[in-house]
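Everything on this sheet refers to the single structure shown next.
Labels for the chains are A, B, C, D and E, by order of writing; each one numbers its residues from 1.
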Amino acid sequence: MIVRDRPSGLRLFLTMRGSILSRIWKSLLVTTVLAIMVTLTGGALMHHKITLTAIPFTLMGLPLAIFLGFRNNSAYDRYWEGRKLWGELVIRSRNFSRQCLSLIGPASPDKAGDGDVPTRMIHRAIAFAHALRHHLRDSDSSAELKPLLAADEWRQIEKVSHKPHFLMERMGEDLRRCLNDGRVDSVLMASIDATLSAMVAAGAACERIKNTPVPFSYTLLLHRTAYLYCFLLPFGLVDTLGFMTPFVVGIVAYTFFGLDALGDEIEEPFGVSANDLPLEAICRGIEINLRESLAEENIPRPFTPVDYHLT
Amino acid sequence: MIVRDRPSGLRLFLTMRGSILSRIWKSLLVTTVLAIMVTLTGGALMHHKITLTAIPFTLMGLPLAIFLGFRNNSAYDRYWEGRKLWGELVIRSRNFSRQCLSLIGPASPDKAGDGDVPTRMIHRAIAFAHALRHHLRDSDSSAELKPLLAADEWRQIEKVSHKPHFLMERMGEDLRRCLNDGRVDSVLMASIDATLSAMVAAGAACERIKNTPVPFSYTLLLHRTAYLYCFLLPFGLVDTLGFMTPFVVGIVAYTFFGLDALGDEIEEPFGVSANDLPLEAICRGIEINLRESLAEENIPRPFTPVDYHLT
Amino acid sequence: MIVRDRPSGLRLFLTMRGSILSRIWKSLLVTTVLAIMVTLTGGALMHHKITLTAIPFTLMGLPLAIFLGFRNNSAYDRYWEGRKLWGELVIRSRNFSRQCLSLIGPASPDKAGDGDVPTRMIHRAIAFAHALRHHLRDSDSSAELKPLLAADEWRQIEKVSHKPHFLMERMGEDLRRCLNDGRVDSVLMASIDATLSAMVAAGAACERIKNTPVPFSYTLLLHRTAYLYCFLLPFGLVDTLGFMTPFVVGIVAYTFFGLDALGDEIEEPFGVSANDLPLEAICRGIEINLRESLAEENIPRPFTPVDYHLT
Amino acid sequence: MIVRDRPSGLRLFLTMRGSILSRIWKSLLVTTVLAIMVTLTGGALMHHKITLTAIPFTLMGLPLAIFLGFRNNSAYDRYWEGRKLWGELVIRSRNFSRQCLSLIGPASPDKAGDGDVPTRMIHRAIAFAHALRHHLRDSDSSAELKPLLAADEWRQIEKVSHKPHFLMERMGEDLRRCLNDGRVDSVLMASIDATLSAMVAAGAACERIKNTPVPFSYTLLLHRTAYLYCFLLPFGLVDTLGFMTPFVVGIVAYTFFGLDALGDEIEEPFGVSANDLPLEAICRGIEINLRESLAEENIPRPFTPVDYHLT
Amino acid sequence: MIVRDRPSGLRLFLTMRGSILSRIWKSLLVTTVLAIMVTLTGGALMHHKITLTAIPFTLMGLPLAIFLGFRNNSAYDRYWEGRKLWGELVIRSRNFSRQCLSLIGPASPDKAGDGDVPTRMIHRAIAFAHALRHHLRDSDSSAELKPLLAADEWRQIEKVSHKPHFLMERMGEDLRRCLNDGRVDSVLMASIDATLSAMVAAGAACERIKNTPVPFSYTLLLHRTAYLYCFLLPFGLVDTLGFMTPFVVGIVAYTFFGLDALGDEIEEPFGVSANDLPLEAICRGIEINLRESLAEENIPRPFTPVDYHLT
């Protein structure tokens, strides 16, 4: 995520960090060069004048507006739903830690070997956030999971494909043990179980967004229309605009391709590119909240943006 | 579902897999041929000049934009709701397996004949996903259900029309037996029952989408307007565009018919055509998650796209 | 609800079943005749040339697009919300039957006179769906309710104005009796009560849709604008389009009036006109599901469309 | 709320009841008179020809469409959310009465002095609806509250500023007493408490809508743009439309001002103007439902529209 | 938040309070001066005529409409979601106070040293609202928190970074103590815990809105397009509009820049600028409600707008 104020004045046009220009300059260059060539030949292709006016572009503008508006909205909806889901995870993690500390009673003395269940559960909740992030980013979660889990749990999870799901199963087992030992009754257990279910739900919904792109045919139809539009545009404008044609075509192409590329980027918001969600910072936030609840000592510090960028 | 990256460069225009072109080429051909004929006769029909300009198309564009935008949004909303419902099923199935394993206590020794209830319930949850998929696709679920169910349960379900509903009733019976035997108390039973209710809800909502299309009159009105628009368009353009008329009409018709055909396809997202939801892959995912929870041995592998296509 | 595939080819334009044409032909005729008269007089009214061009219609198009788009969306939202509510009723009825059969314990022998409570409750749930449908359609529910209810319950309900509400009160009384007799404990009773509450909620939300139309002033403003637009249109087109004017005006009027009439029809989706919801078929579906749960013998068959129409 | 069928034929244009015309006729008159003056002077202001064409209005139409569309949607969303909240109150009131009658056990004989708790609670629920309505309309609720409450409760509530909140606190106290006396156990009490919470939620959400208008700057920006647009419009049209200018300006201004005034009216839907919600009729409906549940005798009759108007 | 009626007549154009003009006058001035210069030179730049017509602006209007519409909707959605979240906090605080007073039983005599738990909890709920507000506004909460908390609790919270989270943890501890002392059973405790969870959720969702702006690239793309549009516009208009050009450019720029600046302001609705949410007044409202529940004496008075402004 880019974190910065809006640049003002001339800098507005010169800022490159966070601009979509770096992703679309090739298409933009091709379109503009084409427009220059069309302008130089006066709208003729192989000595044959192409008889286009502005009217076809007004007509083609109708479906294009529908496509671009739809694409824009659906991409942002996915982005914002992704953000909400991670916000939900923050909420549920905080509630989970409060519940573990207030709803689970002390262990009976003869079960001391069981270890400190609430602490173990809360550490596992931190691990869940990290594991989910790495699961969504197809990256390796070892560095963060290992210190949070007991040695044998770590050994088991190393081999598992779906690490977040495994952690939740272990939560269930610990809860069962607490119920058997009388540390929670079934009502409070059901409350904690509901929080676990909500965490599972947030995680699975993230996977849904990741695994189900906007239907490919939509994207294909949109791309084709947008490119055709921009490639043909100089022929329709050259008669009235003359030497300003490439300039206008460049601006129009910049907005169309920019909107399209932006959609590509935030449609799958769990990656690490400039406009994606700062999952690392969110996980760190969860870790800080939960470790503070446990009154731990070496609490990590929040991430700060590097070059306006938070990953 | 088509799973592939966006083709770049010239291939963008040549890709046929996942393109909607295969569904609309007939209408497109008719329209273009008509436009060619109109161009050749200079806009006359039976030696009578048809006096149309671009203005009527701007006016007709208004209701058409409303229709197409509405159609586009409602079709995608149905698609995405369908996807959410199956995501919900994934979530609930995972929660259900965790609950079965952690909330249901061990059987008392004298009830050993009852079999392993949690395993039976989790297998039935896998069967529910498969049965629902086949119910939505009007296909035969025998191959997948038979190995998952006990012999007598299989015999009973064979004759039932609504298989998912039947499976849920059996879940209820098993739960009741657990309650009677003291393996769950009523609080935990209510928690599991709530998960069952959510699975029923997801299934029934899928049926709702399948059984209630967008009102037929909408579709009819949209089709008529779009076809009339494209058939009349050459008369309005030929005076200003000349020989480029068929080309422009072809592009406009491609976007209108394409948007329309795409709507037809994803409006009912549970089928098996190119842009429909990959229910088979989702069911397989549920099966993998749940069998891993049971620590089973021969866990099937996830589906991979065939020719970019996941069913 | 009209259930049919999209007609293709020429039949697309000739289909009358499900078309909105039957509702708007009068207005359409008036508009077209007016346009013909304007064409014949060359845009003059009482020998006075009306100086209109296409520009006013572009300007008026702006608010009209907002009105029509809004009307279209709000009408469809009401339709789809109505459908969701009945889907909710399907879901809750299935859950209710599963809960009655699995959560309510057997009667103690000394209470045998009470009758078979689960069966009575499930029959009452079927009656609730029928009663709600008739309540929304202001029709008579006697034929369907009488066989489903006990004789004295039938006698009581006959006099009640809000029959669905009465049935739910009886559900509550039966549940109370089960609680007193120890057939359910309070936890399971609360679960069943929550299902009843959800059924009440679905019913009352249907009443809300029925009783609260889109504000009348909206509809009035939209109608006036649309009619003025279409009546004035020929004056603005006749100078450029000549004898094609009535044809173009006819098409534009067809889309505007059609969209408007469609909105009128589906805005209140619980009626019996062509595009309304098939409540009868949905109620039948609930009846089949619930009677199958009770393993009854003479289960009615699902409704099938008559002349593509499902009521 | 205006309750009437759409007038057809010429009456469509003559109907004044429910029309927005009565609110905007002043602005409309000013605009039209201005347009007539501009037409008479041929678009000159102080002998200086104002060189405007239709183009600026096309450009200004873009932001105006965004403003008006946004205003329209947000106002209707507020209206419809308000309606949903009162629908929610209807639902919860019905559920509350069912729960009071079925979940609360009989009083023990030695507590007979406590009075009939379920009846008292249900009467208080009716009072809650009335109190909320008067709270939202800043009117006096004495006439309706006094007969519904016990004498000392009435004396207390008279002095309280937030009457609905006070009633809910009293509900909580009565519930507590029932719990102490063993008339409900904590599970059933939690169910009833959840219903109370939902009623509080509906009430507070209504207050939110009432207290938070659409940001003032939006409204200001919209008004200014719409007025500027309509005041300048005659200068842009007079050269092409001639004597038809005032007529066209009048129609355009009617739609813009009408849409705007309608937004003002339904944006705050709890008032008593023509298009506001019929809170009185809804409260009466709740009263009828709840009194029927108690099998009371003198049940009031539902409100019917007066001059098509339901308050 | 600006609280005032719409000014009518000429005052509509002169009102500055609540107008967005104070934020955009610089850009507006630059644009208008530029337009005047273009008008004076007749559209030439360095003696070179810039050949632009209105057509490019129609084409550029398409993506601009998508951007502005999107920006407008997403900014308002964030504003309204923020308002809903604080409304949720109002609701939950009221429910929380009712639950504390009705669900928590009296202390046993030997625990009298514990203090009055319900009062302490309700005071803490008031503190939670204040702490959340200051957390969102990065301001100092000492003045309001200190009198509401016990001396040692205040000493602890002073050092904590996330004060709302800390308060919730303390709520959990108090609840646990009540459970241990038998003042609530686990069912009622679960109900109160659910209310706490909902308060945490509202708070964390506010943080989500605060920390996640609309993707920077969107804003950048929109700004660039809007500025380019307005800077180029005079070249396209000067040939047809002549001396009216700067006037028209000024109006168009006013709407575009105004819409944009408004978006900037309400996109992060928790600040203290003119159109932000009146969090102080809402917190005060919560304080009044909760102190009235405790029947306290010196209840503060609601805030009233200062110069139409409520913070």
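Keep in mind that, in the parts below, a residue touches a chain if its C-beta (ideal position, glycine included) is under 8 Å from a C-beta of that chain, and two chains touch if they have at least 3 such contacts.
Remember, predicted model here, so these are calculated numbers, not experimental data.
Shared contact partners of chain A and chain E, listed by label: none present. The chains that touch both chain A and chain D are E.
At the chain A-chain B interface, residue numbers used by both copies make up under half of all numbers present, so the two copies contact each other through mostly different positions. Separating the centre of chain B from that of chain C, both taken as means of CA atoms, is a distance of 24 Å.
Each of the following residues of chain E touches two or more other chains: 58, 64-65, 69, 187, 190.
If you sketch which chains touch which, the chains form one closed loop in which each chain touches exactly two neighbours.
The chains touch one another to form a ring, and the order obtained by going from chain D toward chain E and onward is D, E, A, B, C. Listing the residues of chain E that touch chain D in their complex gives 1-4, 6, 12-13, 15, 18-20, 54, 57-58, 61, 64-65, 68-69, 72-73, 76, 79, 83-84, 87, 90-91, 94-95, 98-99, 101-103, 185, 187-188, 190-191, 195, 233, 237, 240-244, 248, 251-252, 255-256, 258-259, 262, 265-266, 274-275, 277, 288-289, 292-293, 308. Across the complex, chain B meets chain C through its residues 50-53, 55-56, 58-60, 62-67, 69-70, 74, 160-162, 165-166, 168-169, 171-173, 175-176, 186-187, 189-190, 193-194, 196-197, 200-201, 204-205, 207-208, 212-213, 215-221, 223-225, 227-228, 264.
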